[in-house]
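To start, the structure under review is shown below, and the notes come after it.
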């Protein structure tokens, strides 16, 4: 089905960015553009969902390129739509949150911040909606470049070093990705995403497919799989909304999204199975899940702990894709939005604590739950969800993942089931101390400070978004089909496995 | 070595000889340029013309040389030569509109015939080209010589900057 | 062996000497420190190279055995000469070399102008000294 | 062409060319370059290239030498090494 | 005969004509030459667009000078490659002229302005001449006109530019001599100087050592002028100290035209069979290019002076084009990459050099380490610099990305996998040295020293004539980045491939 909607959806943030620049001297107008752009984009993306649930695929070809069979264009299928909905819906909340956050902290260079933010989101949604690898690569690099100013927003030497590390990981990743894309095109003559894999690749030699697979794996370093993860905790030096949206949703999910695309739509499940590549991928994912959790336990900085948690959780999705059966892939697809909502809540809470108290370390947060009940309640909800305990949406996706691991059947399947369960346990281990510290531990300096330090909730614009995301995390458990997400995931899986 | 700026020393024999030779060299240059009965020779002729001026400048000094060949005249010659050369080409284009071709000499023949210099025919264009080249070359060499040998008054020996 | 020498060396002595001078000139251009000397080297190199090319236009020279004058005219072909079957030198290399000479003269002029400017600036035309001065100026912050 | 003369001229050419690069006096070097050009013109005459010879005599031996001389009036006369 | 077939000779002839008219009018009014040059070059641009259209729709233009038929007379041949290059050259000359309006006033004494513009116009005439000609020797003449004026234009700046200019004279002359040496050898074998004629005659004597040697000489001679890596030693100093206008023109246009000669030699005079079977030079050239790409980038990382860094970057980028040329016997995409990069590098590097000139003019800064906080002081120039730098790095949606894409695909298509790695690595090296500058401009907190304030008070804001070309080029970087991705240039590319008789079309 030919529709211009994807193009308009992509253009929304670009137009918003173009409008932000001239109105840099009027903060209210500037931020109004951001919110208008985010709402418009979300509505456009959501408007496509009913069609896709019915099994349609929305295509829009921007232009044919000089390469035969490569066109720059958009193709919205169920899987892409899930990611697009996640990213665009969260952008609205984070825009509101940003206003409160940035104004309270009186940050500098806010225009640059909003400008770059728009482009980063454009990149993320573009990755979600793109029809082939080349288009995807273009948006991928847009994400990389546009997030750099956000990462080094502080402009301290430390932030600059973090930014350089960020580029030093992601730019070579882009090179590997480009390499993989060109190899794919060279072998197959096309780079379109085809459910079940590109047919022409099946005839190529296993060696080259393995090389291709590793090129793509390195190319999607944005997924922060170990041992190429260390840019993510370093990048946490960015302002909290950036960490929240970009390093919990847009950037890293784009990487994971890419891996799922590769597994399901480029190399294909059959080939992955045949060459045993799924085991490599699942092994990497399982390793990352466990090790990142251990890393997270030892972190005192809240945002760094969340970052390691992100690394661990992202690998759930990779593992789901690697296990190559319906349940696991559905679990992976569901984990993208669900983890997004939960993790963004956590990051927004961390930001809210920073805004209200200026504290970043967990050990300093004793008793904070009593002063900021709403924030910490939201935090608790999300943390419970992370661990996969009902009644939060994390349970659903993890359930599907466990079912997937069970369905693999062989000893490998049991091992990965164990890995998932152990990792969930570790989630509890590193999140519950925070909640306990916040609610039940008495602050050490309470006696002297109680009169002077009036710690209250963060400003309303900060608290409302995180409350909404926490509520949504709960609602997704009761009604997983909100924003059509469950139907979309089912549709994506049925497309992948040949319309069952 | 310590170059000292000496005042200009006159030498009558050289001056007179130069004055005598100057027009002769010019004449010879012109002969080379257009006197050989065909095209070509513009460059050599121009160089010989220039050598006459260079001799003059060397003998009489720059100030008198500039009187003989002021800078603006020099530029005029430089341009004029090129105008002649290039213009010959354009005239041919104009006169051969049907098969307009740059420097297409046969195109010019009907005109020369009409004017009554049928014998000259393509030589007319050939001369134009030759003379054009010659003038430009002469002016260029003379100006180069001026530029290279002209010592500015404020120029310091030893080149302190 | 003798035949080889005759064919490749003696009959082509023009070319050999031209190559020799080309090598000398090129070496001087690169090795000499003095800028004017460099230029002289360049000029010798170019001229020798023109000699090489002009020798190409000299048709039918099998001279070593037949010492003496040869029926060869300047490259102007008139009907009479053609009827009599004169050999005339190929004019095209000559034309090319005419242009080449012009270009070399122009190069010389430009290079000389630069040499003078360099002398005004650095007070020397030896390349190593110029480089030294440049570094001195840089340290003093003049440039 | 007359071969002995040709050979002789070429020999001169070689000698003068080397000498022009050899001497430390730039004035001498320039004059030798002029001589070199002039001998070259003669060689070309021998080769039947009258027009080239003529040009070389005018440009190489004449104008170029004059320009170099003019230049030499403003830079040191002796090569340092 | 169509009127449009007169246009090539019109462009070249009028350029020469114009140059000397400018010299004369300079005596009447000093400002007039600039406007004359600008107006006429704009006129040429229109003509060149007509030529391009004609070439793409009707076919190559063949123009016989003086009505002499090709083996004897000089022929102007304009096929798709020429027409494409001609448009690039003329538009870059126009932009350079506009930029020079503000820049020259700053860098060159007033009394030299008339001469300066005359020389620029002459250089342009030489470049146009190289582009349109179809004759080996005529090409040499235009080459020398372009080079001689370039020598003079570099030396115009005085100061540190002089020694580099002198070196360039020497190296350039040697290069030109090698070129003409090769041409004469070819002539001695075939007896013709015309491209097309020679292409017909040469295959019979491909075995001849003289032909192979001539090919090597021509290639090395042109490579000196196009500063391919081991022969680039004259170039960094020249680009660093020449006036910014000239650096920009040299980097964007002059060297591209030199590459055009190389491409002509490879595919219009010689053939693919010769390169592939008789000398097997294709891979050697590729390796030279690969070394150039890496070495140029690595040297660029070491530089502190912005213009010198850009100069080394040019060395590296020339390697891209050479790699494309070297790969094209094996894959048509190599030539596509080379053709695309000729344009992309012209706009990108032109813009960067113009930015460097603008920065040194307004703020007096040359060292990258002093650029802190420049993004606030000169927002437009810095934004343009960033875009052009991203293009050089090869970020998608900028022009540089597409050429990299084509070249990578060419290496894969030719089954030369090492070059894929080289190209990808080079992109990362470019990132290192360009990102340093961008970081300094925007993200490094600078100390607001008194010195800086003083400079800011003293420095006037840039005239529009300098900012406009910079912004135009920066936006072109993005526009071309998108245009090359589409199939709009496909007819042009197919014409180029078929005119150079690559035997394939895309």
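Each chain carries a letter (A, B, C, D and E) given by its place in the written order, and its residues are counted from 1.
In this section, a contact is a pair of C-beta atoms (placed from the backbone, for glycine too) under 8 Å apart; a residue touches a chain by one contact, two chains touch by 3 or more.
Being a predicted model, the structure only gives us computed values, none of them experimental.
Counting C-beta pairs in contact across B-D and across A-E gives the higher total for A-E. Ranked by how far their CA centres sit from the centre of subunit E, the chains are topped by A.
Overall, the chain located most centrally, as judged by its C-alpha mean against the mean of all protein C-alpha atoms, is E.
Relative to subunit C, the chain whose mean Cα position lies farthest away is A. Chain centres here are Cα averages; for subunit C and subunit E they lie 29 Å apart. For this pair, subunit A with subunit C, the centres built from the Cα atoms lie 70 Å apart.
For this pair, subunit D with subunit E, the centres built from the Cα atoms lie 37 Å apart. In terms of their C-alpha centroids, the spacing between subunit B and subunit C amounts to 25 Å.
Multi-chain contact residues of subunit C (touching two or more other chains): 39, 93, 98, 102, 104, 109, 112-113, 115-116, 119, 121, 124. Contact between chains, as defined at the top, is found for A-E, B-C, B-D, B-E, C-D, C-E.
Residue ranges on subunit A touching subunit E, taken from their complex, read 63-68, 72, 137-138, 141-142, 145, 149, 152, 155-156, 160, 163-164, 167, 171-172, 175-176, 178-179, 182-183, 185-186.
Only residues 43, 144, 147-148, 155, 158-161 of subunit B touch subunit C when the two sit together in their complex.
Partner subunit E is touched in their complex by these residues of subunit C: 26, 29, 35, 38-39, 42, 45-46, 49, 52-53, 56, 92-93, 96, 99-100, 103-104, 106-107, 110-111, 113-115, 117-118, 121, 127, 130-131, 134, 143. Of all residues in subunit B, only 1, 32, 40-41, 43-44, 47-48, 50-51, 54, 58, 141, 144-145, 148-149, 151, 155 touch subunit D in the complex they form.
Only residues 137, 140-141, 144, 148, 151-152, 155, 158-160, 162-163, 165-166, 169-170, 173-174, 176-177, 180-181, 184, 187-188, 193 of subunit E touch subunit C when the two sit together in their complex.
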